[in-house]
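Please read the structure below before turning to the comments.
To keep things simple, chains are lettered A, B, C and D as they appear, and every chain counts its residues starting from 1.
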Amino acid sequence: MTFKIICELDYTATAPLTFLLNIRAQKNSRQRIVDETFHLTPSMPHVEHTDHVTGNRFDQITAQIPGLYHIRYEATVENSPELVYRHNLADTEVHEFPLEVLSCLYASRYCQSDRLGNLAAQQFGDCETPLDRVLAVIKWIEEHISYVSGSTDASTSAVDSLVERRGVCRDFAHLGIAMCRAMNIPARYFTAYAHELNPPDFHACFETWIGGRWLLWDATGLASPDGVVHIGTGRDAAEVSVCTSFGNLQLDRQNVSCEALDKDYRKLTVEELQRVFICHT
Amino acid sequence: MTFKIICELDYTATAPLTFLLNIRAQKNSRQRIVDETFHLTPSMPHVEHTDHVTGNRFDQITAQIPGLYHIRYEATVENSPELVYRHNLADTEVHEFPLEVLSCLYASRYCQSDRLGNLAAQQFGDCETPLDRVLAVIKWIEEHISYVSGSTDASTSAVDSLVERRGVCRDFAHLGIAMCRAMNIPARYFTAYAHELNPPDFHACFETWIGGRWLLWDATGLASPDGVVHIGTGRDAAEVSVCTSFGNLQLDRQNVSCEALDKDYRKLTVEELQRVFICHT
Amino acid sequence: MTFKIICELDYTATAPLTFLLNIRAQKNSRQRIVDETFHLTPSMPHVEHTDHVTGNRFDQITAQIPGLYHIRYEATVENSPELVYRHNLADTEVHEFPLEVLSCLYASRYCQSDRLGNLAAQQFGDCETPLDRVLAVIKWIEEHISYVSGSTDASTSAVDSLVERRGVCRDFAHLGIAMCRAMNIPARYFTAYAHELNPPDFHACFETWIGGRWLLWDATGLASPDGVVHIGTGRDAAEVSVCTSFGNLQLDRQNVSCEALDKDYRKLTVEELQRVFICHT
Amino acid sequence: MTFKIICELDYTATAPLTFLLNIRAQKNSRQRIVDETFHLTPSMPHVEHTDHVTGNRFDQITAQIPGLYHIRYEATVENSPELVYRHNLADTEVHEFPLEVLSCLYASRYCQSDRLGNLAAQQFGDCETPLDRVLAVIKWIEEHISYVSGSTDASTSAVDSLVERRGVCRDFAHLGIAMCRAMNIPARYFTAYAHELNPPDFHACFETWIGGRWLLWDATGLASPDGVVHIGTGRDAAEVSVCTSFGNLQLDRQNVSCEALDKDYRKLTVEELQRVFICHT
C-alpha cells in the first residue's frame, strides 16, 4: 500500500540551540520512500543521520537565532509488510533469541516489566504459545484500559496505566510492552504515521519478537498494523521522541496526516487480526 | 471469647529518647480487659494515654539512659463481637454517613484510593450492595495476592501490592481499604493480636462501614474476624505503629502470642464468612 | 482585620448525586463570621455540618436531578490572629505533645515524611530549635521550588515536588508538611481564602505545632499568614477538598475572591515574617 | 595493571531452564585477557556470545535437569586505561555527539533523568564545562548519599536514592547517570570487578561521554577507576544483570574477588581524581 504523509511542526526557540527531529519514514526492504521533501523555515544548518541499528532517521537542526521555526515534511511511502499466519511462526525457545533481541527483554523507563511477573503469570499463564500470550495481552488491554485523550503525560508509565486503567496510544503501547517482557517475550516501541488516525497525531504501537519475526500490534485498535508508516523503533517512548532538544524549544503547533492513496484500502477487522499478523521489519 | 495475649519487645536505645508503644488491647463495650500487666525493664518514666476518638492506648516511655529495654505486656481479654447478618444491615446512602465516618473515605499514605476508581468500578461495579462489593474485594484479593513473608517493607503501598501481586497482612489490609474507599465505602486499618496466627506477629485487618456498623475483614484468611484482640484503629499503617520513636530505637526481638482460652474455639470457615459478619466496634 | 470573601462555583451533574462542599469560613475564637450567605441554584436538599474536631464546615447537597448547579457563597469575616514572637514559644519536648497533635506527625497521602528523614536531617539538622527548622524549611522551599501554574495535578505528592522542583500552593504546602514531620514537628494542611491572591483561587498553606501553638506558614510567599480566611484543616489535600462528590460532578467554572476591607492592610514582609509568627487557631 | 579475578556462583534450578551469565571480563584494546577459565558443574550445554555493540560477553547455559549448579570463573586481566587530563578533553558541542552516544542521553528504567532537569540546573548550573558538572555531581553524591548495605533492592531507582539519601554502588551509579543525562551529558552503567572492594561483590560505576571519550567514575569512592576490571556496559542495571534467567533460578552463594597482582598498586586519591580521569573504552 502507498501512503501520503504530511507533518508540520511550528517551534519557538528562545535562544540558540540544537534539536533532533525523528519524523521521517524509515527506509528498509518493507518500506520504500517514493518521494519526500523536508522544508525548514528559516533555513538553518541541518544534517541528516540514520541510526543503522534501529533505522531511525534524524534531522539535526541548529537554530542559530531565536525565533519561530517551521518544519514541513511530506512523503509518499510504499509499504509491503509481510502477512504472517500462525503456522508461519517458528517455535523459538528463549535460548535461541539473538542477542539484539534479548535487549528488548529488559525493563525500560516507562515499561517496568520487572514488576509485572506475577501479574502476567496470573493473567496470561494459561496461554500455550507466545503468540497466544500476546493476543491475550492485547485483548486484556482493550477490555480494561480506556482511551482518554489528555489523561496522561510524558511521565506516565506502564504501571500508572495499569493502576488507573486509562491512557493514550503511548500508554497502551507501554503497557503491552511491559506485560510481554514480563513473560520473556521481547517487545519494543514503534512510532508511526497511521492511516486516518483520529484524532490526527503521531501514533505509537509495539512489536513483539515471536518465532523469528517482529510482529506489530496496536493495542488501541485505532489503527490497523498494515496501515501505518514506520518512523521510529526504541525500547519505549524515552528513546523515540519526535523532538529531542538541547535547550528550550516550545512546540506551538503540530499537524500530522496520513492517508492511503489506494481508495480500496480498508483496515483489518478485529477478527482478521486474530488470524493474520503483520511484520514491518 | 476470652483470649490470653502476650507481647515481648526488646529494644536498644543508643541515646536518650521518648517512644510510644501501641500494644495494649483496647477497652470498650465489646472488649473487656479481665486483667493486664505491663512491665518495663529497666524501669523508666512512663505515662499511659488513651486517644478518645480511636480508642488507641499508648504507653509513652522516656528512655533516659541508652541501653537495652525490655517490655512485657500480658493480658486476659474477653471479646463479645456482634455477629451481623445481611438482613441486619441498613441501607445507608452516602449522604447519611456521619462526618467521622466520611474521614475514612479519604486517600491516605499507603492507600491511594484516589487512583483506583476506574479499576474498582471495572472489577466490582456489578455488585449490588456495598456489602457485596466488600465481599468481592476480599475474594479478589484472596485470588490474586500471594502472602509472601519478607516481600514488602514499611514503604510498600496498596498500589505496589496491586502491581506486584504479593504482600503480608499489612499490604492485604491496605489494598482492601484502598479498593473500598475507591467505591465510597469508608474503610480503616485495624491492628490486633490474632488467635494462633502463624507466623506469630501483630496482625493487620481492616474495617468497612456498612449499614451503620464497622464490619471487620481479614483479607489474608490467616485469622478469623471473631478471633482477634483489637489494638489500634487508624487510616492505615502510618497511624498505628506498634512503636513510634522520637530518636533512634532499634528493635532487637519481638515475641507475640494470642490464644483463645476456650478450647472449643474454632475459626469461622470461608463459607461462614460469606454469611456472618463481625462487628468489633 | 475584616475580609470580604466571595466564592462562585458552577457544576454539571450528569446524574443524581450527593456532594459535600467545604468552602465556608471557619467559626472560632480567632475568626468571627460577621455575615454570610449561601445560595444554591436550583434549590436542592441541603444540610450544613461542622466537624467539631477540625472546625471544617460542610454543605452537603443532594442534586436530585441532573443539570447545572450554581453555588454562591459570600461572607464578611473578622480575623484576629495572634501575633507570636520567638520568646512566646515554649520549649516543648516531644513527650509533651498532646495526642491530637501527635496524629499530625504521621505520613499521609501526599506527604511521605517517612521517606524524608535523612534529607531533613542533612538539610536542617544544624538548626537549634523547631522554630528555626521550620524557618529553614520555608527558606529552602522558596529557594528551590518554582511556582509554575499547571505543572502539577491532583496526584502530585511532596516527593514529586521535591524531585521536580516545581508546583503550586498545594505542593508547596505538602512539601513543607512532609519536611517538618520528618523532623518530628507536627504539621497540617490549611485551606483558605487569601487577600488579593494572584491568580485568584483557593489557597493552601500549612501549620506547624511549636511551643504549644499552631503557627501558620505560606511557603509560596503569595499570601501573608495574617491575610487569610481559614476554611479547612486536614492532614493534607486528600482531607480538605473544596468538593467531595459521590458521583460524577464536573466543575465548569470557579470564581474566588478575598479582599481586606481595611484599606491600610498590607502584607507582612519577608523580613517581618522572620520575627513575627501567626497563630490562627 | 594486571588483576586476578575470581567469581564463584552457586544456583539452584527447580526446573529445567536457560540462563545467561554476564561475568566475564571484556576483551578490547584497553583490557586484555591474559588467561581465563570457566567451569560449570555439572557440565551442561553452554554457548558463549559477545554483544559487538557493548562488548558484553554472555555465557548462555541450559540447565536441563533441576538441581544445584556451580560456576567458577577465573581470569588474569591486564588493563591499560588511558589517563586523561583536562586539557586533553575536546570541547564537544551536543550537535557533535555520535548517534550511539546520543542513546545514552535517554531516561532508562532506573534513571529518570527526564524528571531531574530543574534540580540539576539548580545544583550544577553554575559549572562551566561538562567535566566540571560531572565532578560536581560526584561531589554532591559523596556529600549527600550514604552507603548503607541492604538499604535498597532491585526496584530502587535514582529518584528513590535522591529522596532517601542512601544506597549501594548500584544506586550511586544510577543517581550519577540520571543527573548527568539531565544536563545532556551522555552517561551509562559500567559493571566490574574492583580491586579489594569491601565488602567483596560485583561493582557498579558509570561512564560519561565528554570531549570524545567515555570517562569512568565511581561515586561511592570504594574503588579507583583505574583499579577495576570491566564486565558490562548498559544504560542501567536493567541491562547488565550478572544473571538473566528464563525460569526460576535461586542464587545460593556468590563469592567475588579481585586483586591487583602488582604489589605497588595503590588507589588514586580523591585529590588525584580531581585532576586525572580514566578512560576504559
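Operating definition for what follows: contacts are C-beta pairs under 8 Å (C-beta built on N, C-alpha and C of every residue); 3 or more make two chains touch, one makes a residue touch a chain.
These numbers were taken from a predicted model, which means no experiment stands behind them.
Mean C-alpha positions place chain B and chain D at a centre distance of 44 Å. Taking the mean of the C-alpha atoms as each chain's centre, chain A and chain D sit 30 Å apart. In this assembly, the C-alpha centroid of chain A lies 46 Å from the C-alpha centroid of chain B. Contact of a single residue of chain C with at least two other chains is seen at positions 115.
Chain contacts here close into one cycle, and each chain has exactly two touching partners. Screening every pair of chains for touch gives A-B, A-D, B-C, C-D. Taken in their complex, chain D has these residues touching chain A: 18, 20, 47, 49, 51, 53, 58, 60, 62, 93-95, 99-100, 102-103, 105-109, 111-112, 114-115, 154-155, 184, 234, 238-239, 244, 246. Of all residues in chain A, only 115-116, 118-119, 122, 144, 146, 159, 162-166 touch chain B in the complex they form.
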